[in-house]
Structure formats: C-alpha cells, structure tokens
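A, B, C, D and E label the chains in the order they appear, each numbered from 1.
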Amino acid sequence: MSDKPKLAMYWSASCGGCEISVLNIHEHILTVDEVFDVAFFPCIADFKVHHVESYPDGYIDVCLWNGAVRNSEGEHMAHLLRQKSKFMVAYGSCAYEGCIPALSNLTSKEATFNTVYFDNPSIDNPNKVLPTESVQVTEGELTLPTFWNTVKSLDQVIDVDYYLPGCPPEPPQIWAVLQVIVGALLEGKPLPPKGSLVGHSGVAVCEECPLEKSEKTITKFFRPYEIVPEPGVCLLEQGIVCNGPATVGGCGALCPQVGMGCRGCYGPLPGVEDQGGKMLSAIASVIGAGEAGMDEHEIERQIEAVVDTIVDPAGTFYRFSMAHSLLERAKVNGKGE
Amino acid sequence: MKKYALFPGCSLEKMAASYYRSSVETTKKFGVELQELEDWNCCGATTYSYIDELLANTLVARNLALAEKEGLDFVAPCSACYKNAYFTNKYIKEDPDLWEHINYALEQDDLQFHGSIEVYHIIDIFAKEIGPEEIKAKVTNPLNGLKVAPYYGCQIVRPRKNGEEFENPQFFEEIIDAMGAEPVDFAERLRCCGASLIMTNRQAALEMVRVLLNNALNSGADVIATACPLCQVNLECYQTAVNEEFGTDFKMPVLYFTQIMGLALGLPRKQLGIGSELVSAAPIFSQVMVKEGK
Amino acid sequence: MSENFEPVIVGFLCNWCSYRAADLAGTARLKYAPNMRPIRVMCSGRVDPQFVLKALRNGADGVMIAGCHPGECHYVSGNIKALRRFVLLKKMLRQLGVEEERVQLVWASASEGIILAEKVDKMTAEVRALGPLNWNKTVLGGNGHPVVKAEPVAEEV
Amino acid sequence: MNEEKVGVYVCHCGTNIAKVVDVVDVATWAGEQPNVEVAREYKFMCSSLGQELIEQDIKEKGLTRVVVASCSPHMHEKTFRGACERAGLNPFLFEMANIREHDSWITDDKVAATQKAKSLTNAAIARVVHHQPLEPIPVEINPNTLIVGGGIAGITAALELADAGNHVYLVEREPSIGGHMAQLDKTFPTLDCSACILTPKMVDVGQHANITLLTWSEVEELDGYLGNFTATVRKKARYVNEEVCTGCGICIEKCPAKVLDEVFEVGMGTRKVIYRPFPQAVPKYPVIDKENCIYFLRGKCKACELFCPTEPNSIDFTQKDEILKLQVGNIILATGYDLFDVKRIPQYGYGRLKNVFTSLEFERMVNASGPTDGKIVLRDGKTPPASVAIVHCVGSRDENYHKYCSKICCMYSLKFAHLVHERIPDAEVYNCYIDMRTPGKGYEEFYHRLLEEGTNFIRGKVAEITDAPRIPAEEGKLVVQVEDTLIGRQRRVPVDMVILSPAMEAKPDSKEVSQLFKMGCDFDGFFTERHPKLDPVATMTEGIYIAGACQGPKDVPESVVQGAAAAARVAGLINRGTVMMEPVRANIDQDKCSGCRICNNMCPYNAIVFHEDRHVSEVITALCQGCGTCVAACPSGIITGAHFTNDQVFSEIEGILWDVRPEKVLA
Amino acid sequence: MSAKPTFSHEISNLMYKSHGNPTKSCIQCGTCAGTCPVAEYMDQTPRRLIGMINANLKEEVLASNTYWFCASCYHCTVRCPSQIDIAGVMYAVKRYSIWNKSYSEDLVGPAFSEAFVKIIARSGRSYEPILAPTYMFSMEPKEFVQEAFNATKMMLKGRIPVLPTRIKHIKNFQEMIRRIIPIGGES
C-alpha cells in the first residue's frame, strides 16, 4: 500500500445508512479516494478481521465507526479498531448515542427476543428455537456473539476522539468534517479538541427551519398520521411533536420542511446532558392547561388530559439518544439486567 | 331492576318485621330489589365496641364481605347497623393495618374484604338513589293534610361530617313532602331518643323520649316518622312509661317512614305491617283518605 | 434488600415556600426523617427534568420537588409549569421503570412546616419500602459511563 | 480540575448544631475534599469573631470561594456575604449549607445528621467552585404609591405618605372610603364614637393635594416590579359627573326607588338607588346603582337629572367605565376583612330564628344614624329585648371553621353588653365565651367594668340555640343551650335576643387579589407577611406591603399602627431613590438561540421578548425576577440563570450524593 | 422510652387515628356538655371527663357513670371545635374499664354488654328473651313490671321471636372471632 493516510469504516449495530452516506457525498468521494487508502471497509471492499489484526497499532489514521455496540462481537471489534486507529470517530447517531437500536434499552433482552423470534406475526417458529451462543456440530463448535441486555454507544465501550451526529449525517457536514481531518493530516492544521462533537451547526434545528414560529400553547398532541399540518406553520405549535428545539442543527431541517416533526437524530445541543429530558421540559412547559386560580386537582386533571395525547414519551424524546441519556436504559422487572 | 344486599340486622327479624316488609314492598315499587344478605351475622349494635373495637369491626366486615361476594351494595334499614357498616367500611379503608388484620380473621370464614361496595341507609335509597321527583311521580295516594314529624335521630346523619347535613339535613322532609304529606317543623328531630339507655339509665331515656314527643306534639304532628327500629320502639313502646313518669298523656303514633310511604303508594296496610303498633295509628287513617290497593 | 436500608432523597425546594417550610419545620423542632437532602432553587419552575434524572442517575433513591400551592407561587405560576413537567416526566419515568413513589411533587407553603415534614416522612417510608434504586449498580450493572460534554466545531458549511 | 481555593466553616451555633452534628468530624472531612484550602469549625460563625475568621482566611490564604455550613441562608446569607465583601471577595462567591434548620433541628439521630451535614456541605463546596462573581442590579423607585382599600388602615397609610410629600393613589372598591370602621357605633375600649374620629381623617384624604382618590374603582392588572409597577385600574361609571356635582344630595332625596342596603346597612335598612353609603361619605358624590335604577331598567324616570341643580347637570347616564394606567413604585394593600357567614353553623339558627342577629347588624342597630335610630329592638322594629345573649367565638377557634382566634370579638362583645346595659338598664345580658381574651391597653379594665355592670358571664361555648321549649318558662323565647363550665352544668338560658359574634375572615376574593399582586396568602386567605415578628408589613414580593385586617384579625389601633408602618417602609424606599436587587437573572445567549420561542410565554413578568427580525429571544434584565422557569424550559439549554446555572446545580447534585454517586461520574 | 404510658395516652391508644384528635387537644369549651342530651344525668359532664382523662385521674374517671350513660348519639363529636371524637373516647373508656373490670358495681351497662356479646359469639345473632333477664335483675320492681308488660305486649303483637336464629357456619364464625380475641370461646 501507499503512504497515503489509512481510512477504515466499520458497521456495528446499525442499519448501514451511514456507509451509504459516506458514498453519498457526491463528487467529493473522489477526493476521499484520492487522499486515503482504505484499510478496512467491509461494506465496499473485502477485508477480513485477520487483516486488521495483522496491522500494527495505530496503523489506521481515521476509523469511522458506525453503529451502536450491542453484543460481544461489537465490543471486540471496537477494542481492536481502537487499538489499530489514531482517530476513532463515532460516526452517526448509533455510534454516538445509541439511536434506534438503543430503544430496546426500554425493555429487556428476553422481551426483544420474544418479539423477534416468537411473537412477530411473520414468524413461524413452532419449536421455539432461539439462537444459541455455542453449538456442537460434527465439524466442531459453532459460536455466535453474546447478545447484551443493554445497547451501548461507542464511547461507553472505548475512548472516542470525535462524534459526528446524524442518522445518517448529512453530506455537507460529512464533507466539512473530512476536510478538517484531511487538513490536519496533510497540512498539519489544528484539530478540534478531543471529544468534540463535530459536523453540526451548534444551534437547534429550529434556526434552520423556515416554518413560521409564534408563542406556543399546545392543548392536544397528534401523531403524524392523525393530522395534515398546515403549511408554513411551526409543527410543534400545531401539536405535532417536533424535537427540533432540542436537537442540534446541521441537517438543514429536512424533516420539518416536509411536514414531519424533527425526530431528533442529531442529538442534544452541546452542553445539554439529556436530550429527552430537555425536550420533555420544553414540551411540557408549553402545555396549555391548568391556569393559576383553578382547583389543584382540576389543574392536574387538565394537564393529564393533554399529556395523555403524548403516547410514548420515552420513545418520542429518546428516539435517538436513549443509550447516551442520563439513565441509559429502563429498569425492567425491578432491576436493570 | 337495581338490586341491593339488604342487611336486616337482629331487630328487623321480628321486633321490626313491619319495617322489613314495608321497606321491601315500597322499594319494589321503584324497581329496586332488596335481597336479604345470605347468612349475615349480628353487627354488634354498639355493644361490641364496648368490649373490643377490632372485633366489632370484624363482625361488620364479615357482612360487608358477604355483600361484596354477591357484588351488591349494602343497605341497612337500622340506623345503628348502618352506622356500624358505614364507619367500618371507612375505617378499614383508611387503615391498612386494620385491613390486614381483619382479612386475616375473615379468612377463617372463607371471606375477604376488598372495599369495593357502597354502604347505604334505606333512607339514602329514597332520598338520593330514587329521589323526591320519582317518589312524587309514583305516589297514587297523596297524603294531603297529614302532618308528619320527620325523626332523624342520631346515626343517619352523625358522626358523618358532610357540610350542613349533620346539623340541618332536609332529605327526610323532602321525602315526606314527596308523599304529599306535610313535614312539620320538628326542632328536636336530630336529638337522641336515648334508645341505648333504656336498659341502663331508664330515667334519662324516658326524659329524652318525653322531650321528643312533646316537641312533636307542639309542632302539630299527627305521626312521627322514623327510620330506625330502635327509635321506633323507644318512642312508641315507652309512651306509657313516659305518661306515668311525667303525668303526660301522649298518644303519638310512631311509624316507619316506609310504612307511611307505602300508604302514599297505595299499598295495603297489611303488606306494610301496619297493625302491630302499641300506640294505635288509627287516627291518622281516619284523617287522611287512604285508598288502599290490593 | 439490606435490613436497615435508609433511602437518600434529593429534594428540590423552592426558595420562597418549601425551603422556608423546611426552615420552619426546623425552627419548630419538628422531628422528621433526615433522608431528604435539600437543594434550593428559586422556584419549582426552575427544576429542569434533567435535575431529576441526574439525581436518580447519581444514586438518589428518590427525588422530591416541592413548591408553593398552585395559585400561591411567588412567581405567579412557576409551580404550574413544574406540575406540567412533572406530569409528563412521571409518565416517561413509568416507561423507564422508575416507581411512581420515587419521584414526587408536593406543595408546601412557607407556613406549612408540618406538612412538608409529614410529606418527607411519608415519602421516606414509601421509598424505604421500595428498596434502594442505585441506578448505576442495579440497572447499569456498574457500567455507567461518564457523561461527555462535547464542544461544537466551528461551522464551515 | 478547578483551581479554586475554598474555605469551609462549620458552625456549632452554640449547641444548636453541635449537639447533634459532629461538627469536628464534618470540618475535618471537609478539609480533605477537592479544592478545599481550609476547613474550620467555630462556636458562632455569625458573631463578629466568626466573620473575622473568614475575612482573615480570605486575605491570608487567598481563598477564592467560601462555604459556611450553619443555619438557613434566609437567616445569615447576608451576614456572610458581607464578610466576603469586606475581605474583597465578590459576595456571590459564597455558598451556605443549612445544617441547622434542615438537619440538626429535625433529628436526634447523630449519625444520620452528621452524614447529612457532610452531604449538604459537600454540595455547597461542589457548587461554589462554579460560582461566578455577580454585581447587584440598581433599580430606581418611582415616588408614587398605590394604596388599595380605603378602610382605616389604608386611610392612615395614605395620609402618612401624603403628609410626607409623596403622591398617593387610593383605590377603593365601594363608593366611599371608611371601610368597616364607618359602620361601627362606638369603639372599644374608650367608647369614642367611631364617626367622630374617622370622619376628619376621611375628609383629609378627600382634600389632600397629594392624594388621588379613586373610589368605586378596582385594580384589574398589575405589571412590573419594585420601583416600577404599572397598575390598571377600572373606575366604574358613577353616572354622576364628579367635576360638577356639589354633593347637595337633592337627587337622592328625589329618587323614587328604594332598595335594601345589603352592604353598609347589612340588610338592616334601605337606601335610594342613587345614593351615598352614609351621610359622611367621602367623596360626597353619589353613585347610581345601575342594577336597580328605574331609568336603566325601564328607560323612564330621570328624576335625579330633573332635580339636579347644577349647571351643567351632574347626572350623566351615558358615563362609561374608565380604565386608568397608574405608574407607581410601591403598593400597600389594605383590603380589610369580612365576617364569617353564620349560616354555616345551622344550630345557631341565624336566618331561621328571627331574633338572632350578627354583630354587624347590631352595630348598625345601636348606631344613632342607623336604621333604628340607635334603638335596640327585636326584628319587629319596636320591642326592646328584656334579655340578650351574646355568643362569642362563632366560627373562630373551631377546627370545623377557623382555627384561629379572631382577637377582636371578645372586646366588641363586651362593648355590646355595655351598650345593652346603657340603653336598656333592666335587661339581662349573658355573654357566653370560651376564654375572655382582652390583652391590650385598657381592655382588661373594660372587662372589669362589665363585671361590675352586672353582665352574666357564662364560660362555655354555646352548643345550640333553639325556639323549641321544653318547659313553660322557655315558651316564646330563644333558648341558648350551653354548659356553664365553671359550675359544670348544662344550662338552658331563655332570652329574647341573641347576638352572634362571628369570626373575622379574609375577604372572599383574597386569593385572587394575592395572585393579582403576585404575593402570598395563607391557608385562611389572609395575606402573608415577610416575617411574622420582624417584618409584619412587608410581603415576599418586593415593593408590596400590607396593612390592617387583610393580614389577620386586628382592631382599629393595630390597623392604624400597621398602616403607618407600611407607609414608613415605603417612604424609606422613596427616600433612597434607588435600591440594589439580587442579580439572580436570566440571560439568553443570542448567538445560540434558535428562536424556537418555547420560552416566550414562560415569563410571568413578560421579561422575554422575541426579535422578529433576528429570530432570537432576549431577556429584559430589568423585568426578570430570576425564577428560572425559562431556564428550565429552554430546550437548547442556552438560557443561563445566574447563580443557579445548570453547571452549578448539576455539581450540587453530584456533591450532595457524594456517598452514593457512581465513581465514574466523579471524573 | 420505657416510661409507663399515662392514662390519657392509654385512652388515646385505644382509638384508631380515624377517630379524630387526641383528648389532649381539648380546649375545655364545653360544647360537648352543652350538646349532650344525657349531661344532666351524668355525674361528670363529658367535658369534665375529658379534662379528667387529660389530668390522668384514672380512678375518678373509671368510677364515673358518664361513659356508661353516653348514648352514643355523636352530637358532641360532630360539634367539638377541636375535632375530638368524644363519643369514641367514651367507648374507649368503656373498653378500658371492662378489660380492667374496674367499672362501678351498681352499673347495668357492663353486664348488659357482656351478656350481649356472649350470645352473639354463640349464635352469631342476638336474642332479646335471653338478654332480658340478664339486665332486668338489676331493675327497680316497678320498672321490672313495666318491662315485662312491654315485652308481653310485644310478644302478643308477634314482635319478639320465640326461638333464636343462628347463622349457618357457626364454627367458622367462632374461629373467626378467635382470631381477633379469645373471648366468646368459653360460652
């Protein structure tokens, strides 16, 4: 191989959209190809783990890790790639904060398996077969990785240098970040401090969102299918839960612009510890119920009536950030595990 | 048809059989069925509490649990039984330890108290569940001109503390009014008749009866309506004793309000148990034209 | 559950009412459970749900938010905002498996030292009955991660 | 890690803390905590020696932060901030841990108390390193004052301020000032005539150049803060032009419509539809009661207009309510009280037994200008009673109604007894009381006078009043049934007249009023003072004061004292011109505000404005009171609540949970 | 705290919390005694009895007839401004005296109560003819004649049962009672 900087990208617990997003940076992909040597990128080239194992420590310059860590294999690969890479980038929401896979932190491994292997209407599993971690066959022992109860973000397993939010990250942001890295690698330009969240606007999505905003008083919430939003008006004001206010921008407010409330994939604003908690606070604050002067119980009853229309608060406010939230997971059956 | 578990209590078995019958007959007219609680036990009147409050509560809880088993709300025509049931129901729910203890005892009788039913006095059924409007609509024989003294006594209003109800209740008056009769201004209507003292302090009890009879008479009543067998016996059966003691000459009929209601509904006297009085109620029949049904 | 488990409850007390109610309870030498550790905020409306989550995450067995009665807020209606947030937070905490008794909102005006003391006693007993929460150990199995505070990079697009 | 040097001082408070908390242990332990430069314990930190200890350490050890673990910050925060300031440290770099009120005083468990003391101290240490130096905010005081309620308390306050040269707006709901005192006949204990002492003061108010009197008016809205309030006042239409009316009263004479006067005469007398509540009313202009006016009801009459002698005519049926905006710096509330509705105690028979009266009815009855020209008579209007029972504590000292003692009723009940003796010398008077409460200058002496006058005092709370006789002597009488507890017998006292002395209670709208003025009222509805002993006229809201019976049961002398005291407090502020306010304020980082507008309707003081052009929100510092509601709401986390920042509170949480927190989060 | 509880504490302890405030909160206002329809016949008015309890005058309280003469009308209870359940206190003292067998000899109340309880423990229901003799022996001859006269009249009108009724699973019922207290077992 040449002495060009080495690039790796690994796909852990995730949908793979992040891989595609890298390829989706249009003509810039040519620059990437020009600048880097690919050292490991199972999605586009046939590398095996033993290739990586054979590299000296720190051989890979930049490793883009996509996906949450959900089982023992992910953990192993994370440690391995950390050892072999100079810069470890948590690429995309799954790696950064757990994303959709981490929603299973709201329940237990058993319940997840139940859904996946038994209860799902498309499943036909009369013998109730579950994957077994170790099976003896004539050829010897076959193993599967251990499936964890809790989904973790990458930084809960290894040390991470940079975070790039988004599900997936948006091309201009990816390109901007790559430029910074390339500048550093090739021209010795300064890098942002270790642990930085990169590739976002630093201000909430609402700033990029062109919809008209006014003071908010919400008396009923709607699920997306229950309402046709009035064009041009802030969705939240119409009772459509939009996480835009609590989500760092950089995406260009793509969702709200097409009538779909921001789901929150870019994660919280820098300085905010818990995206769900903050969004919850914001939404609850503008509930239009319970005016001063009413009877205490009446106030509570009215508020409850409005809150009832938010069907799944945990899933709504932590859709992308469950693993990285303050509580990280739910307590199930009186305990965590 | 709305159904209730009727708790007759010891006195309704015989001493106040007329109250039992008239209650069943009159409620029936309004589509209400009173079904006697199967295998009930004495609720202890007030006497149990003298000895052991926990036991008293347990006895009552057994009856409540029986009614719960049937899925029926509990109705007692006797004010003392009602008071016991009402408060036991309340106390147990307020006190988890008591609840646990009582259920531990009830286990022996294959019963459990869940606290899922309401407790009513029979007069609540008329005053609140049926209501004066409906009574008025069903009255076929309005008791025009009959002056009735509504005697509340103690325990249907006390020791509950809901607003003015315990010092200035009106529901009895409203029922009498609905029957077409005239409720008189009976100032002493909330005063205790002394029933529980008749055995233990006769002198006091008789004076208490005198005060009530005197006030009823002064207020121009033709008859006293009661809603409790103990009050009825006390006010009626001891009139002779009062007359002897105080040199008075009371001949005040004392009927259960259900009996008077029965008359207004046109039920035959017999069905209402009229005739077993010790002070004849005959004068009131001659006074109001009573059209009896069959 | 250890025999003599004593819960740790973090209390967020409004400066104007419940903090003063706690002062009053002390001045009146009322004896109540020492388990609630108060943090003063200017208004129950200042209580960010993150505070509650943070306290639970950091080992509290319960969190009490205390403010003035509705209609008596020193800042007019901060407590109503607190109530709105609390109702929604409670719903979410239910999903997260946190028992209802562990996070409570109570009203105690400056003169209600007795009420505050009673509420603390009651809540302490309730949480004691539930046992320890110790989120990091029991729920996360000791694998809790340090919370990362990220700094944004200057935007270049 | 932070470079700050923290000094920690653990106070014994004599034995108040040290008896329960092992203060030495706490101090030693604190000394080992990160950032702590020095930790000491001392007997009395608030003493001058204690404060010097802090000052010395700041100077000698270069402390940059100070923590005192002692009593409530409401007690001594100011003291210790002062010590820091004197030593050249910004006072906001100080934090207090309350290990007395919240710890040593609430438990006897020494181990738990010491542990809690460590938690609270550690929380303060963790927090204080994140503190930032802050500067108090100066606020200018508008010299005008608004006084709400024109009873004796409000009148006194208005005159005090106005005489000192300050402008006052006095807003009164009724057509005349005077309040309850104007309804009274004589006032205890000296028995001077109420009108004689009140009228001159009312006239002063009416004529004072510095007082704008707004009767028949109510405050509808209040904005702003100490020094700069804006009150919106509705001046209801009087239908009489105050500019031209001379108050001659001819219209009143000629008006053909009479109605029951339920306000001033409490239903004992009548008044015309165009009326003055009472002859000495201030202002003198009458007012038309629109609800009952024949012209307004049927479009005909106008007798008042016809006979009005002024030119132009003073009657103006087209008058509309006026809305005024008043700019004031301070507000005094003197909205007074109401009497308990005696019908809530049915066994006393009011409303059913016609010769049962309330105290205020009796006051009107004995008043020479009242409906019976001062004659004490039964409801029939002619028969003087031969016996009168006066029932104390009606609705007071009773957990079923009001637990408190109304304080004034014993005294006025004695006054009534005296008035009956005076007007009907042969009458028997019975005062049924639980305890005779007559503390006050000359009050007990008054009681003794009544004992000598031959009043029958029965110590016992009346059980019931009935008209049902049990013996012939009771026939045709009201029977008061009561235990005479001093002899231990139940008594039935037959009388002709009963006077009930009802509890003094808060105005029915006191809750709304307290909300309108953004201050507190207690469970009973009386306005809450800042401190029950040391600050009884201030409220928790800066710039709002209270005086008179709206704060709690009170007689005239006490109402006057409070009115004057409130005025003095306000005058002090006006004199200072500017006051310094706590810099606990919110601030929006406008570079990071997304303009989502979540915070826009959070602020009760409308301190948050949205800039449409730049799409960002901003806090107007002068309006912000620092509640932090918007801080908690902002989903971007970019509103900073000074002195209560997220960093500070998060660190405090971590610190307070020092003994249970997961090690990793410690960092 | 091993100090012996005072009499007033003992009485308070005999009442469930739902029964209002402890006697200690009495302000001696006399509403109870002013209300009580039996006050005239009591040797101490209800207020004084409460006062005596608070003063721990145990002997005097137990010797009083007040609590036996209380008709349980609850009128005092609903009126008490300190929300003391006076009628409940009367019951508590009754219980105390029965357990300690310390009521005065000439009272009918205790004997009547015990007789009543025994019958119920035996049959689950009460039965007036058996009950009558247990209390009548204590009456004046004139009263006895009247009582017998009344009873006969009622019997004639069919208002007194000839035989006692009893409940079905009396064994279970008695077991149930034993779980609460051991009384009733021996009869």
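In this text, a residue touches a chain if its C-beta (ideal position, glycine included) is under 8 Å from a C-beta of that chain, and two chains touch if they have at least 3 such contacts.
Keep in mind the model is a prediction, meaning the values are calculated, not measured.
Peer 1: If you take the chains that touch chain A and keep only those that also touch chain E, what is left?
Peer 2: Touches both chain A and chain E: D.
Peer 1: Touching chain C and chain D alike: which chains?
Peer 2: Intersection of chain C and chain D contact lists gives A.
Peer 1: Which chain pair is joined by more contacting C-beta pairs, B-D or B-E?
Peer 2: Taking the two pairs in turn, the one with more contacts turns out to be B-E.
Peer 1: Report back the single chain whose CA centre is most distant from the CA centre of chain E.
Peer 2: The most remote chain is A.
Peer 1: Using mean Cα positions as chain centres, tell me which chain lies farthest from chain D.
Peer 2: The most distant chain relative to chain D turns out to be A.
Peer 1: In whole angstrom, how far does the Cα centroid of chain D sit from the Cα centroid of chain E?
Peer 2: 49
Peer 1: Would you kindly tell me how far, in whole Å, the mean C-alpha position of chain D lies from that of chain A?
Peer 2: Computed from C-alpha means, the inter-chain centre distance equals 55 Å.
Peer 1: Mind pulling the chain B residues that touch 2 or more other chains?
Peer 2: In chain B, residues 161, 167, 211 touch at least two other chains, as defined above.
Peer 1: Scan chain D for residues touching two or more other chains and write them down.
Peer 2: 347, 400, 511, 515, 602, 629, 632-633, 646, 650
Peer 1: At least two partner chains per residue is the criterion; list those residues in chain C.
Peer 2: Residues 48-50, 54, 57, 71, 76-77, 81, 85, 135, 144-145, 147 of chain C touch two or more partner chains.
Peer 1: What chain-chain pairs meet the touch criterion?
Peer 2: A-C, A-D, B-D, B-E, C-D, D-E
Peer 1: What residues of chain B sit close enough to touch chain D in their complex?
Peer 2: Per the touch definition, chain B meets chain D at residues 161, 164, 167-168, 187-188, 211, 214-215, 218-219.
Peer 1: Can you name the residues of chain D that touch chain A in the complex?
Peer 2: 511-512, 515, 591-598, 600-602, 610, 615, 629, 632-638, 646, 650
Peer 1: Which part of chain A faces chain D closely enough to touch in the complex?
Peer 2: Within the complex, chain A contacts chain D at residues 202-207, 213-217, 234, 236, 244-246, 249, 268-269, 271-273, 278-279, 281-282, 285-286, 292-293.
Peer 1: Which residues, counting only chain B, touch chain E once they are in their complex?
Peer 2: 10, 13-17, 39-42, 44-55, 58-59, 62, 90-91, 94-95, 98, 101, 104-110, 154-155, 158-161, 166-167, 190-192, 194-197, 199-204, 207-208, 211, 237-238, 240-241, 244, 276-278
Peer 1: Where on chain E is chain B touching in the complex?
Peer 2: Result: residues 14-18, 37-38, 40-41, 68-69, 71-75, 77-78, 85, 87, 91, 94-95, 98, 107-110, 112-114, 116-117, 120, 124-128, 135, 139, 143, 146, 150, 153-154, 157-161, 165, 167-169, 172-173, 175-181, 183 of chain E touch chain B.
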